[in-house]
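This is the structure I want to talk about, given as structure tokens.
Letters A, B and C mark the chains in the order given here, with residues in each chain numbered from 1 onward.
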Amino acid sequence: MDAALRLGAADEAIAVLRETTPFGDASEALLARIAGIARRARYAAGARLYDADGAADDIFVVVSGRAEHVFKPEVGAREALRRVTRGGVFGWAGLLLGQTQRLATVTAIEPTEVLRIDTEALVGLLESEPLEGGHVMERFATMIQREFTLPALLAQVRRLSGPLTEEMSSLSLTLYRLSLWLRSPRPYLMLVGFALFLGFWYLAVEVWKLPRFREMPGLTTVVREWLSPSPTYGLSLYIAEYYQHIAMSVWRVAQAFFLATVLGVPVGLLLGWSRTFKEYVFPVFETLRPIPILAWVPLAIVMFIATESAVVYLAFLASFFATALNTMLGVESIDESYVRAANCLGADRWQVFRHVITPGALPFIFTGLQISIGVSWFSLVAAEMVSGQYGLGYVIWTSYVMVRYPTIVIGMVTLGIVGYVTSALVRIAGDYLMEWRVRELALAER
Amino acid sequence: MKKMLSNPALWRGVVSIAVFLILWEIGARSRQWMAPEFFAPFRELLGAIGLKKDYLPWIGAVPAPSVVLASWIAVLVDRSYWQSWYMSLFRVMAGFLAAMLIGIPFGLMLAVSRVTHGIGFPVFEVLRPIPPLAWVPASIIFWPTQETAIAFITFLGAFYTIVINVLGGARSIDVRYFQAARSMGSSRWDIFRRVILPGTLPSIVVGSAVGMGITWEVVVAAEMISGGGSQIGGTRGGGLGFFIWNSYVGGSYEQIVIGMISIGIAGFASSELLRWGGRYATPWLKAR
Amino acid sequence: MTRGHIVIDDVVKVYDPQGAAVMAVDHCSLEIEPGEICMIVGPSGCGKTTLLNAIAGFHEITSGRIVMDGEVLCSPEKPRSTPGPDRIVVFQNGALFPWKTNLDNVIFGPVMQGKLARKEALDKGRAMLADAGLSGVEHNYPGEVSSGMRRRVEIVRALMNDPKALLLDEPYRALDSLTKSVMHEALLEIYYKNKVTIFFITHDLEEAIFLGHRVAIMTTRPCKPKKILNVDIPHPRDYSALTSKRFRELIEETNDAVHEEAWKAFQAGEKEGR
């Protein structure tokens, strides 16, 4: 009943593979290779394709007809019975970690035609395609968990090994992910969104001249101003002063963030780790925290003679509270089993702190740092607007006062960009330090 | 009650706050605390590291707690003080409510439909890093009255947080709830009403509590900026932020501290109110 | 060999004595022979984990004594034993440090105690992982491998310290039955190579009889041994023992006792023990 694929039938096979979940967005080249190792088979209605506990050798892809796929009860699937039709993929038990036997019994309900793909051959093929191979395995994993309702503990697919997979450069990986992204509808929807937004801005202000929008600076005015070598209102990409303001703001945030981290993380760690410390310090902490940072502005000006330090102080304060609080929460959320395990293994208190508490709290600490830098910018801008010289907040406010409206928008946009970049830097630092978490999240398929 | 009194944690907290107040009192009275002249060598050290020399706060310049308390008792009978409370609270509530009314549906829309998400989310994410206060001038130009301008800013402040939390909440609803609902024959609307909405409620509550804090920040700042900037006519703006700024300008530093503490209390109270309301709306979380 | 001889002597554990006074362990006495696999079976929330925690040093006892190899672990004078590498716990939901690779996890004990230099620890760790059939995953993080593998790595981590006893707190509870049966055989294999005392808590009677030399069936809370069974199926065992006649007989002997306690616990509305 098995017949090797003839040349013409290969196109049919590729078409069916395209309709499957695991191979749905694979490249033509890969699909051709898979079609090359696939064999066709036909089953009459009522025929048994395979039994549970048999050897898990082939993966099946349904070309036409219908089959019934029944998991054996020990497997613990939420729905044991599943009907598969064209595009359905089953028989993948061999792809799971530690599985060599069939998990289900499959019977054809109608006359059914399938493609059979040898599991080991497929794995070998995927291993030789480092970028696509991993992606196909991910899709298998998703399908197995989502469509076949297997418990997650059982549904772990094998890792593709091989030198190519290990040494994939991050550049090629990024490029590959980029190519996948471009093939999805997302970038085009994004363009639609921006077009709508910018279009509305342009039309409302400059074309239709809607009542309240009239006085706003228009899109073209702003863009022209921003890109002009000799701007009417004094600031554009070509003016050195523009970069001075950016540098000033960034430098202030950097100082505030640095101080807040250096002070906030240890305080947070202690607050979480030592109950006595928390009992002494937390009440004062929580009394001061609800006071909005900007309510401190006058007091800060009084305390710090120079407004420069007052501004940095305000940004620091906001950051500090966020960092310390999140660090504390991070320590408190560490599962006590880890600490107990470390104790069993003979670690003393300081070793537990260094090897368990600190790395364990790191994810929370970095969330806190990302919040902290956002809050830092928030406070800095406000402080600069109220009492600063130089800086983007100052630019925005004085542009308003001096009736240089387009510059307001330039300032806002610059703020947005710079704020985003600094936030991303923190996130990247976090990803770098917590490689284990990145990998864990990647596998958990969020 | 007895149990509470014998709790060592409570006493430690009281002790630390007492110590804090005492240090503050001493520092303020002595006027020497970290005064510029007093700490000269330390400041040189800071300068050497590269940080600005005046980074040490002159705590001596801050009014002492005893003075603040006395002034506060005097202010309690002043009508304009309570008016400031009312104005700030009103702005916060208005802005916050608006943020919820618009933010929650917007967030749900993004969460439910992949197309809307693809269109709306990138624009949202690009606008988010711009601090709400940076919108103040644009807001003043655009909106007819100062009040609406401030309201818009407070709205923005809370809006971002609420949307992010709704999105996060919707995404974390266990997919099994959907499957269970579907297998029992629910329509799409049913699923929305009975699975998605309640499922996102906890995140909405958390988002609201954080959003409330941000709203206060923004209100205070907006009040200070628009009240403090003499370019805007009409100082009847009021509000606690304005109260603080005015006190600074007027030179009564005790009132600055009064204003700060008042806002702290108001902010804390409103967050607690929200959290209480949240617990009422999500009784199933209590069981944990 | 008198290594890993644990004597639990009339131990009582009462939670919150001035308040709710919940008795978790009620005058429990049990003697565990060195090198024995002793299985503790009981319904959820009955207090068996409390017993394990007392031996390990995570909880205090109210009265009684626990002695291991002649050394008093805890007593009324010293109600809480000090956790140490002579009795290592393998936790229910696993406690491999997610931020360290499997290999780094495994060498944690000896390196922290200063018993081995890092290089020697790495060599020994690699060897023991290879022994347990886990060579391929040394440089992976625990989050990247299956839970069955994680359990095995955790056991290797414990064995690296040459402990006298392993305390296992329902380690396979969260695994599905396919993985579980594989884990049982893996555990026995490890046991045959390193004869440690194993103190194993479970609610699964079949698992208990399959693995253990002796099975202690505990009453529902407060817990004390209700019935102690000698499992005379000879070691080394493999999964064929599950269908042997003697296995079925042993289950018949003890099923009633277990079921009775389970029913009592159900009626008392026990929640999952923490």
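The definition used in the following text is that a residue touches a chain if its C-beta (ideal position, glycine included) is under 8 Å from a C-beta of that chain, and two chains touch if they have at least 3 such contacts.
All values reported here derive from a predicted model rather than from experimental measurement.
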### Message
Taking each chain's centre as the mean of its C-alpha atoms, which one ends up farthest from the centre of chain A?
### Response
C
### Query
Of all the chains, which has the CA centre nearest the overall CA centre?
A
### Summary
Taking each chain's mean CA coordinate, chain A and chain B are separated, in whole Å, by 28
### Message
Centroid of chain B to centroid of chain C, CA atoms only: how many Å?
### Response
50
### Task
Could you tell me the distance, in whole angstrom, between the mean C-alpha positions of chain A and chain C?
39
## Note on the structure
Within their complex, chain A touches chain B through residues 78, 146, 185-186, 188-190, 192-194, 196-197, 212-213, 215-216, 255, 276, 279-284, 287-288, 290-306, 308-309, 312-313, 374, 377-378, 381-382, 385-386, 392-393, 396-397, 399-401, 405, 408-409, 411-413, 415-417, 419-420, 423, 446
### Task
Can you check the complex and tell me which residues of chain B touch chain A?
8-9, 12-17, 20, 36, 51-52, 54-55, 57-59, 61-62, 115, 117-123, 126-138, 140-144, 171, 175-176, 179, 213, 216-217, 220-221, 224-225, 228-229, 231, 240-241, 244-245, 247-248, 253, 256-257, 259-261, 263-265, 267-268, 271
### Query
Residues of chain C touching chain A in their complex?
56-58, 83-85, 87-89, 91, 93, 95, 97-101, 108-109, 112-113, 136, 141, 143-149, 157-158, 161, 174-179, 182
### Query
Can you list the chain A residues touching chain C in their complex?
74-76, 97-98, 151, 153-154, 156, 159, 161, 335, 337-338, 340-348, 351, 355-356, 359-360, 362, 434-437, 439-440, 443
